[in-house]
Structures are given as C-alpha cells and as structure tokens.
C-alpha cells in the first residue's frame, strides 16, 4: 500500500538547514529525496482499535496518526444535541511525545482551531441529518508529527468513519501543497513546512469534486496558489486510491472474499 | 440555539433573492456594508481602532510589552493576537474562556498579520535572545452582526497603523523610556475578505442573517502586492468547488486593494 | 441507464453504482438521478432496486422488531434500556405494572434493575422520539440465563435464514435455544457449554460468509464435524 518505494532519509535525522533555498536542489530533488510532485510513503490500515466503532491508522512520512470513531450515540452533554441532525465532536490532539520538545497535553489554540476545521472538513461527507439528537465522536491522536498532520488526520478520520458504518456521501481525503525552496511542492514535511514560503492544506471529496478544507499561510501569488491547489488535489486523488485499498483490504482480512 | 424553523424561512428567502443576484438589504453580492473607522479610541493603549461594518462593531487595542524571544527566533519581536467574543455583543456569546469560534477568529487575524510580515518584528529586538518587544493585539467584539473576521482584521490593521512606540534607551539590559514616540515599524498592510457560499452563490461581507444560513465561508487575506498570505475555509458543513475557489481569488485581488485604501488612509 | 458494478462487488462510500431509473435501497443514496454507495459493502440488485449489504452498520430500530437490551437506568416513570441503537430506548412502568402504578410507592428496581437483560419489542420510534419498548407479550421480559453473542445487525437476516431455515437448523443440530434480537444481539441457551460453543461458532461462520451461497449446508456440515470431533475425544 505504499504510494512510492523511495525511502525517506534515515529516521530521526535532524534537518538543520534553515534556508528555504536549500530545500530543493538544482535537480529538483528535496531534502528527503522526493521530487516536487511526489508524496511521502503512505501506509493506511482500517479497523485497528477493538473498542472503537470505527478506527484507522496512517503513516505518511514520519507522521503516525491514529483515529477512533464512536457513535452515533446520545449526545453528551445534552445541550450540544441538535434537533435536526447529528453533531460531530472532533478532537485533534497531539501526544506529548509527538514532537521534539515535549508538548503539553492540554489543548493549545492551534489544537482548538484544527479540531474545528477538521470537523468542518468531515461534516459535508456525513449524512448527519439521518441521526438527530445524536453525536459522532472523532478522536484524532497524533502519535508522531512530521508536517501535514491536519491533512493526514482528515484522511485517517474519513477511513475510521467509513469503518464505523456511518453513512457517507463520499470519502474525504486531504493533502497539502506549498512553496519550498522557491518551488511549488506536494505534501510538505516538517522542515519544508517550517522553513518554506507557504503551505496550502486541502481536503477533497473525490467523487463529488468538493473542497471541504482550504487554508493557507505564507506568501503566494494568485497563479502560484492555483498551481498549489491543483497539485494538492492531485495528491488527494493518489491518496484516495490508497484509502480505497485500505478499506477493501479490511473486508478481505475479515475472512470475506469476493466470489 | 436559534430555532431552525426561523432559519429555514430565512434561508428560503435569502436563497431565492440571491438567485436573482439580490440580497435582503439591497446590496450587490460583492458590496461591503458601510465601513467606519476611528483610530486612537483607547488612550491608554499604544494603538487602537474601532471599526463599524454595518452594525458589526469591533475594537482592537494594541499594547506593547517586553519579553524574551522564542528560542528559534532570537532576533525578532513577538506578536500575539487574542480575540474575545464578549457576552454583551450577542445573545449567542457566553462568558468563559475563548471557545473555538474566538480561537479561530484570533488565529485567522494573526495569520494575516504574521504571514504578510506586516510588522517589522526584527526592529523590535532589544537584545538578541534576551529581550524583545511583544505586540499584543486584542480583538474585542462589541456587536456581532456578521463578518467578524473581515471587520476584526481591518480593525487590527488600523490599530497597528495607529500604534506608537515610546522612544527608549537600554541601560544595563533594561529599557528606559525617553520622551517622544515613533510609529510601529510596518512593512505590509494585509486585508481579509470573506466569501460566504449560499446555495451556489458566493457573496461578500455577510450580515448575521446570511451567516446563519450559509453553507460555508472562505477567507482570503492578501498583502499589498496582491499575493495571498492566508486562507481559511470554515463556517459550516458545506464545501467549495475548485471553480468557486478560483472565482473567489480573482474577486479578492480587486476587493482587498479597494478596502486597503479605506483602512490605511484612516 | 447503466449499472456500474456487478452483483456482490465490493464498494466504498461515494462509489457511483447506477444512473437513471433505479431505486435507491439500503446503504445507498440518490442525487441528480445517480445512485451512490454510502457504506462499505457488497452491491446487490433486486429488479430496479440497488442496495449495498454493508460490512458494518449500526442498528436502527423499526417498530415490531424484537430486541435484546440491558437496563442502564431506572427513572420514576420506567426504565432506560441500551439496545445498541443511536438512541437509548424507554420502557414505561405502565407497560409492566397494572393500573394502580404509583411512582412514589412502586418498587421499579424489583421488577427490572440496572444491569438486567431484557427481551422486548419496539413499539414506536421516529426522528423526534426515542425508541419505545414493550414487554407485554409472551416470551418477553427479563432474561434469566444464557449466553449473549453480538453480531453485526446487517447479518441478522442471514442468521434467521429464509423462513427461519438457518436458525431452525442451528437449534436442531446443537439443541440450543436461540433468541435473535434484530439489534444484533443473540441469546443462546443450551444444555451444556459445549452445545453453546458450537452454536456460537456457527453464528460467527454465518457472519463471516454471509454473502456466499449454500451457506446453510456449509454451516450444517461444520456443526456436525465439530460435534463428532468432540464425541470422539
């Protein structure tokens, strides 16, 4: 289920370059050996948590992300319940050991914002109106972070929702593109994200051609931005194939073979 | 929670009007409400501004403090943006620590200022690695009638332009104030424009009633060169098509230039 | 009016199944004349009806369903029952106690207490109302013994079989009593733990192979083999 066979540079290797120009060499090769339009190696697995109603695990580069989904069930606390639809309670959370310097487990402002935009990226895909007064809980745990965790979190969460048997219009898949070393590049890893010029995370419903998350920070001309969005959507489409595979292989692993 | 029955009737009316390119208050789809900007409204703050966007009203106060720089940026001053949705501004705001809406608002405003490098933070370093100035931008929402993001970003920019730094000398690692002021060193003037999607139409500067029925929103912040420095999709369970995003960026180029003239000349 | 998948092909949410004059069945949705899957599962066509047999789905109560649930709360007016549906179900005290029922004096926990397992019938459920249960029929009420097995609710029809053929066969072959809750809970009570073990094995096999044909024969064969192996020990 790998997106590509190229291995990233040695695990744990510290990238010290602080200059954006050095992020991509003259041949267009990035610090971790990728081309500009290449995804990091990706691995996805569905149904990894026995207790959760649905779950999924994803590795993308050195990102390691686990998502558990519960519900739909009675909304708690009661006042969050909506009379005409289900609510999604989404928590994006980074483990204290997920980054170089220990992160406090208390939710940061970034965590609060990401929980919100991820929820809004997933909501268009779910038939919330089928289950009034209930809640669907989506717990995203970043076990290890290496740039692009919000996108990877969305891709994983969509798998976990599908695994939970929650009716969905489409899967949601997310990928970022950005500008690093003066070039538009796909799926920025941590160093590229921090040192690079811009990051454009995009979430996408492939069958419905709908963008459900779009953010940007940095500095891009309108043309560069359009290139980045198209490149990100291209990345989404590749990741979608891996998502599909992961869902289907879960079916096979349950001992069910197609006749 | 607002009663959904009212919202349904509203939604129907707003959507029907929009199909013919009209809005309930008679504006065109890309028209902003009347913008009033007053600078220097809080004397005790180093910078401040009040922005009225229709009935939406925001005060931003800028305070300058000192602190230690972040270890990875020892030579740059620090910017922090905070937003408070104070309960007097809307029946839907509740007292307590900032919720996700306030946090998102603050972070979108922050991102625009930070990513456009609006403030020359390197000039705010007093002693490398030890002492820098901290720019506190506090967004205070006084009346919520929609489009808090654009109004807050305008107010923040107006307040920063209005900010005066006291003159100082450094004696034995401590700052000693001198008489007189200099303006806060500014490099750029970011402007945010927020599109709301209702049905399959995009509109700018939503009123509260439009905001209650929108499917989703898209904020685009541009710097003075017409480059994009921040984007945020949010505001509901809807989505944008690729074409709508392109359309929005095109409109944003013109609209941000137009609004910048209004905000910065004040 | 094309169909895009063969019968029993594996699909995921968002896959376009059919276009045109078809009817959207279970685990699918229709928009702009197109039918898409909304769950992971196997496509099936039944005349004009397109549906997906979901690998996993949760239970949605339907009035008339027999369900098994456990009592999670006693309230002044009755009990709250978890039937593994999105909403907790209610059983009114008046359904059990005769007319002289007084909330202040009647000792409800002496009838059903928290932790008790009950078999009940769904009498009402819609978008605005939690599922209402009743135990006013023979065979309903508190469960006193047996073993509970949880299966995916979408597999229940297969466990019952055509006119009850599958469950009838399991009862015959294992000598166990089986009570099937539409909510995916099956109560098994046999003469020995060994009988129950074989019955559970049969359920698991049906769950795994629910989409294959000739399943009743395969399960019968498995049960017989299993029992023979035990006897010869």
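All chains are identified by letter, namely A, B and C, in their written order; residue positions are counted from 1 within each chain.
Keep this in mind: a contact is a pair of C-beta atoms (placed from the backbone, for glycine too) under 8 Å apart; a residue touches a chain by one contact, two chains touch by 3 or more.
Predicted model only: the values in this text are computed from it and were never measured.
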> What is the chain whose Cα centre is as far as it gets from that of subunit A?
Replying inline: C
> Which chain wins if you rank chains by how close their C-alpha centre is to the centre of all protein C-alpha atoms?
Replying inline: A
> Taking each chain's centre as the mean of its CA atoms, how far is subunit A from subunit B in angstrom?
Replying inline: 27
> Where the CA atoms of subunit B average out and where those of subunit C average out, how many Å apart are those spots?
Replying inline: 53
> For subunit A and subunit C, what's the span in angstrom between their mean Cα positions?
Replying inline: 35
> subunit A: which residues touch two or more other chains?
Replying inline: 83, 205, 208
>> Considering only the defined contacts, which subunit C positions touch subunit A in the complex?
In response: 8-10, 12-16, 27, 29, 36, 38-40, 42, 54-58, 86-88, 127-128, 208-209, 211-212
> Along subunit B, where are the residues that touch subunit A in the complex?
Replying inline: 1, 4, 98, 100-101, 103-104, 106-107, 111, 114-116, 216, 218, 223, 226-242, 245-246, 249-250, 253
> Which residues, counting only subunit A, touch subunit C once they are in their complex?
Replying inline: 53-54, 71-74, 83, 86, 125, 127, 131-134, 162-165, 167-171, 205-208, 244, 247-248, 250-251, 254-256, 258-259
>> Taking the touch rule as given, give the residues of subunit A at its contact with subunit B in the complex, in rising order.
In response: 82-84, 109-110, 112-113, 115-117, 120, 123-124, 128, 198, 200, 205, 208-222, 225-226, 229-230, 233
